[in-house]
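Structures are listed in the sections that come next.
Each of the next two complexes has subunit A plus one other chain: subunit B in the first, subunit C in the second.
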Partner chain A sequence: MMDDLRDTFFAESEDLLTAMGEGLAAMSDGSAGSETVHAVFRAVHSIKGAAGAFALSDVVAFAHSFETVLDAVRSDRLVPDPDVMRVLQRAGDVLAELLEHAREDRSDPPSALGSVLDALEEITGGQDDATPDDFVFEPLGLGMMAPLALPPAEATGFHLDFRPTGNFYPNGHHHQHLFAALSELGELTVTCSVPDLPPSAETDAEGNQLSWKLELRTDADEVQVRDVFEFVEGLCELELRKVESLDSFDDRPPHDDSTLPEVAMPTLAQAPDPEVLPRPLDVSSAVPTPAAARESAPRPTLRVDLDRVDRLINSVGELIINQAVIAQKVSEAGLPPASSLVAHVEDLSLLAREIQEGVMLIRAQPVKALFQRMARVVREAAEATGKQVELVTEGEETEVDRTVVEGLADPLTHMVRNAIDHGIEPPSERIATGKPACGRITLSASHVSGNVRIVVRDDGAGLNRDRIHATALRKGLVAADAVLTEAEIDNLLFLPGFSTAASITSLSGRGVGMDVARTAITALGGRIGILSTPGEGTTFNIILPLTLAILEGLIVTVAGQPMVVPAASVIETIRPAPRDFIALGHADRVLAVRGDHVPVIDVPSLLGFGPELDPMDAIVVLVRASDDSLAALVMEAISDKRQVVIKSLRSNVGQVAGTSAATILGDGKVALILDPDALTALAARRRAAQHAVQHLASREVRHEHAA
Partner chain B sequence: MSTQPDTVNPNDIEFVKLVAGGQDFCIEVARVREIRRWSPVTPLPHAPEWLLGVMNLRGAVVPIFDLAMKLGLGSTAITPRHVVMIVTASDRTVGLLVDAVAEILKASDEAVSNAPPLPGANARLIQGMIALSEEALCILDVDAVAPVLAGAAP
Partner chain C sequence: MLSVLAIDDSRTIRELVRRALENAGMNVTTADDGLDGVSSFGESAFDAVITDINMPNLDGFGVIEAIRSGQRNTRVPILVLTTETGPELRARARDAGATGWLTKPFDGAVLVRTLKRVTGAPLS
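Take a look at the complex of A and B:
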């Protein structure tokens, strides 16, 4: 139970951090109104309160210092000038990091904790209005539930004494939800008390010690007020007193006849829907400040266990396969085209596809949170290098499969750090070349023909091609006599073990290079390309599939077996004339494609399934590997283009040469999904092995001559 | 949570006796999920010869191993009468092609011994022995007879 609550806490903290990050960003660029400051304050405050419940004292202490500064800003005692904003941004980063550490049960504090705490305290001059203990147990986030309009002056109201008992929270209830519902009835003022707190040693995190005194100005009658507590009867102690005049709010009224004893009732239902919140109106000192964190009212959402979604996705995958089997059987049965069965099967196929698309959307997430993490990376990297860098994001709402979002975090971090470390110039250098002192990194996301495109662009110096070439030569990554195009030099960056940094900095270049980023992106089924203009900057283009569960593929025949080529990497299919194949040396061939020469990969023989195909019978699928190189895959036939459900081979089978995964076709047979990258690598290895054999053979011949 | 049904002797272990390459072996019953008739599989590129390929088991892609080949008893000449035992190896599901599945045996835990130190590469494929009144059966180590493929070189 505690673990569930903990998970919920961290999940909600993430949302709060997102809101905080948005708010801080708006404050930094000056587009923020007072509402934004309040929203940021509330987010930090809510995190602090909730963290207190989980005894995360580091988080509570830091959030307290953080919000003290925010409080000064929102009450206009402190002007959020750029210096203050920088500290606040850093504080936001540290808070996020603290929570990350807490989630992973790490005891080491974030490296920047001390310096940021000092900076925060310097701003407030050590002044601290509130004592931390008050804060931890203060009812939080109530601002969001502030009344829509003030009730008429003659309104009556209620005094409520409310104390949740042992099972209130474990049953999934939360006082905030109740208070939200109450504030819909009128204006609510909340005071928290800790009347009978036992010594801390006896305090049980699960057992609640708190009670609240609520004052509700409302026209509603007692029944309406009691209805709010309908679902928590038996889980709390509630005393309710009607008050006839406003003045009596100021005094504690004596117990009167309307005081009702608690009624024990089984609880079945959920807490009131927290999403049904009125829009905030203004700030009052009695009620914690109202929120306007979002421009529009949030749409109701549902948190679902990821396992459930994945099970559903799996079942839908089965459904699609099953539907394909039925469709195939029906078409084989040779029914007349007018047969109603054919029409029904078509309906079924449309419906199945629709369900599949709907289910896939469940896993989709906007890249916003990912981009915000990058904002953190930018600030840290800028601080570490002493450069000025701003981050511009575009297309934050673009939705991508959750796994893709997660898998992108590391490569993006690496690229952003690289861009700041090696791309963006120091301010003096930038000014000298007529650029603004502050460098700019742009992150953008968009949907492009069934794929997602992520672009990381900097306006720095561009790649230093001479140095890259020199480094590659020194490390023996390219032959000394090789003549490389600019694009080929740029792509050297992706070679394993390549690091252009003249000296290894603390920021990037810890022995890992862009090859790690590329590997991570390839593992997600994506590709990465690089474009650089000297003096203007460097752009990384990442193309990713929308989902990892389904793939658009060409169904091909290799050695009599059906196989799949991912459509994303296919450029075109060609039926070449035999003279288009040009032999190179002993065993290599290239294919002439409109003046270009593309290395030929004979797939059946490469996979060990048979001899090389006769060019007369061959068909060629021209593919682009993730390093932008082309390859002409030779095979027997292409039969179809369709969506296939990806089935991993790794878990049950292991690594299978030349493939990335498998799928199940309409007839129930397993078909391998070919991986252009793996095929090119396999072909290169085989070529190297053949050369070695030839070399050996020629040496033997020389030995014989010598003998 | 399920509990094991009470048997006469709680220390008895059940085994499935099978025939592969003309010889008898056995596997713990707990490992065996189902037994299917042979059906053609999809071959894998550059796979070891004892890995016949993969098949579709209700949506899961399952590798099928030629058990006789893996045990060094020569490759199985597959006929429609051959069967595939679907077994659990670690957390994986794999299929073992065998000549036949014979019977279910019960053995007390005293009858089960560790594998004798056998010479040769096949020793690690044998997990232990059961001494029965008339014969001794090798207990196959399923994890070892159906290994995960590492990166295959051409």
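Take a look at the complex of A and C:
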């Protein structure tokens, strides 16, 4: 039974180690808030707590030393200077190694264990107070709960005077429960003392006026009896007198009229605790109806190694391809449509799709956890800036591929911080403009036509376009004479190296611009757009693919080869007239599309697959890159639109310029998947190189003239 | 049958608690942080609550405070289950309104006995 729990422990430990590693990294580069330090502490602490259950004493002891230093940091008793951080990082490595050894049942300690332990202890100055002698299985103070032998003939006992005080009842204690525990030790007689009872009008709500005289016949010792009262220490008055012989019990004062004899176990009705008086609601619902029980019981889940899921996804991908090959062969065979083979192949393809969807769901996770992390970011950022901000989340149950959820954490954090730092105004300013003092950040997630849309919206002041434009000019990111639309100015935010100098603060500054967020989102196959209204706020729209393993694509032909253009980036396909191509200088061309001029990228020649296409034969796929710029991709033909299974090239043949990955088509051919971002970047570099060559050439021409 | 809410951010501990209690015939609901725990607490009538102290979102002390100052079932027995030890923790837990405390790693049988003790359930 412990084996699968052990697996749970190691799997959880890995998650905790990851969180710890991220936190330590953030602490090292100085970007960590107090919450990060707490999270690192908690991760190590959780590992320690759970490791104890598997008697991994090395892990427990080391985690304890590690945690002691982290505790000093989180309570500001220790400054995490670079020296301390180095030790903490090494400690993180050793902890990971210890767990790995434990998992493999290896008894040899990690080589760095001793030196890191010494370093940790040096930091705390050896003040580690609670070195793990408390990590033994022996429960504290509960020895009396062990089954006891019947009192022997020579049984002795105790007289106890007991009176609840203070928060005895509010803390959930009950005198009956104590009496029940005492009667486990021996034979208990309970007498409720009335003389102490004030007139009922003066009885306070806590019902502390009653007191009891108890007689316990037992061979248990005083420690065992006192243990029963462990939890109520400070919440009662207790006098305990040991009685040496059975006969002593007979010496007790005779019952006078003021003492009510009570049965050994008082009944509920006699309880002075108002909470214990019949509570129809609680009593009736204490026994859940079968339906309620079913509802409250969590649905059973299964924890699976991610590798296995990925292997399964890969196999399903192959299945889809294989099925497509068969379908194509069958259709080529020219069988009559009514043939049973055709029907079976259709069934097969339906089933294959179902399996594919089911498998994809395994990797899907609700964005709830991600959004919850943002709540913390909002709190921290609001505190740091002295602004009031509330976080509203919508569509928390929306499921997204696990990789996407993980990859979104950093960009979302950045955007939320930015929104609070630059977007939301200070309370006074908001009130002056008629807004509620408390700003609002809305995070929403939804499924939109096969994609996931994540929206980050603030109700702040909106973007300061004048300042953005001025900054971009100063940094030479735009030409001085360029006339930019509002949207174009907004998108300057995403340019690498852009960060409005006036706005760098400790919070969202760090010299990291929105370009980092955009890069992260692009890496997930997504796009980000921005929309801002002065005085009303700013909205970031993030569109992400549902999964990173399947892609909706246009199948196109480039230099006779099939290739795929991701459908998400396609705006439209055009068969342009040759006169729509306008030459600019020696090598550049733009395409006139409804009054706009879009840079032309001749895909075959750019990728080095062939000469430039004759405009007469060309077809154009208009794509939008993730920076919102348009590009006209020129190619020979478009043949189909379908889902393809993404196959990484990187692990096989390395990165291919202008492409992101490859896929295998129904006829078994390999097709490269074109990446609009990579293509535009490649084209820009090519143009720059050509300009340089022309520039050199013209200089040489001048030199020749001069000579 | 006792119905117990167990709040801990460690999946392993939650699972250990669940097994120990379910083997003893108790009905266990788990929650993975303090906020989750408080909201679960409001959803059904529990006979006891077991909570960790160090948790994200809302720590164990916050959980106890929320329950004790809540609208109903405010005197439910609450056991603190934590790796922390020492007299200050006990004092803090008691002052916060905890009914009892146990130290991790815990022995399942002890947890069961302690739960029965604070809820007044028969031991056998």
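The rule is short, and it goes like this: the second predicted complex is superposed on the first by the 405 of 707 C-alpha atoms of A that agree within 3 Å, B and C clash if a C-alpha of one lies under 4 Å from a C-alpha of the other, contacts with A are read in each partner's own complex, and residues count from 1 in each chain.
By definition in this document, a contact is a pair of C-beta atoms (placed from the backbone, for glycine too) under 8 Å apart; a residue touches a chain by one contact, two chains touch by 3 or more.
Model, not experiment: these values are computed from the prediction.
Participant: After lining up the shared chain so the two structures overlap, which partner does A:A102 touch, if you call subunit B first and subunit C second: first, second, both or neither?
Facilitator: Touch status of A:A102: no partner.
Participant: Counting only touches as set out at the top, which of subunit B and subunit C does A:A53 meet: first, second, both, neither?
Facilitator: second
Participant: Looking at the overlay, does A:L185 come into contact with subunit B only (first), subunit C only (second), both, or neither?
Facilitator: In the superposition, A:L185 touches no partner, neither subunit B nor subunit C.
Participant: According to the stated criteria, A:H177 is in contact with first (subunit B), second (subunit C), both, or neither; which is it?
Facilitator: In the superposition, A:H177 contacts subunit C only.
Participant: In the overlay, answer first, second, both or neither for which of subunit B and subunit C A:F9 touches.
Facilitator: second
Participant: Classify the contacts of A:G668 with the two partner chains as first (subunit B alone), second (subunit C alone), both, or neither.
Facilitator: The first partner, subunit B, only.
Participant: By the touch definition at the top of the document, which applies to A:V84: first (subunit B), second (subunit C), both, or neither?
Facilitator: Touch status of A:V84: no partner.
Participant: I want to verify the contact counts: of subunit B and subunit C, which reaches more residues of subunit A?
Facilitator: Counting residues of subunit A touched by each partner, the higher count goes to C.
Participant: Give one of first, second, both or neither to describe whether A:T659 is in contact with subunit B, with subunit C, with both, or with none.
Facilitator: After superposing on A, A:T659 lies in contact with subunit B but is clear of subunit C.
Participant: Which parts of subunit A are in contact with subunit B and also with subunit C?
Facilitator: none
Participant: Along subunit A, where are the residues that touch subunit C in the complex?
Facilitator: 1, 5, 8-9, 12, 38-39, 41-42, 45-46, 48-50, 52-53, 55, 129-130, 134-135, 137, 139-140, 142, 145, 167, 169-174, 176-177, 180-181, 184, 230-231, 233-235, 273, 275, 281-282, 285-288, 292-293, 296-298, 372, 375-376
Participant: For the complex, give me every residue of subunit A touching subunit B.
Facilitator: Subunit A residues touching subunit B: 314, 317-318, 321, 561, 606-609, 647-649, 651-659, 662, 664, 668-672, 682, 685-686, 689.
Participant: Any idea which subunit B residues touch subunit A in the complex?
Facilitator: 41-47, 53-56, 58-63, 91-94, 147-154
Participant: If we count contacts the way the header does, which residues on subunit C are in touch with subunit A in the complex?
Facilitator: The contact residues of subunit C facing subunit A are 1, 3, 9-13, 15-16, 19, 27, 29-30, 43-45, 47, 52, 54-57, 68, 72-78, 82-83, 85-86, 91, 94, 97-107, 110, 113-114, 117-120, 122-123.
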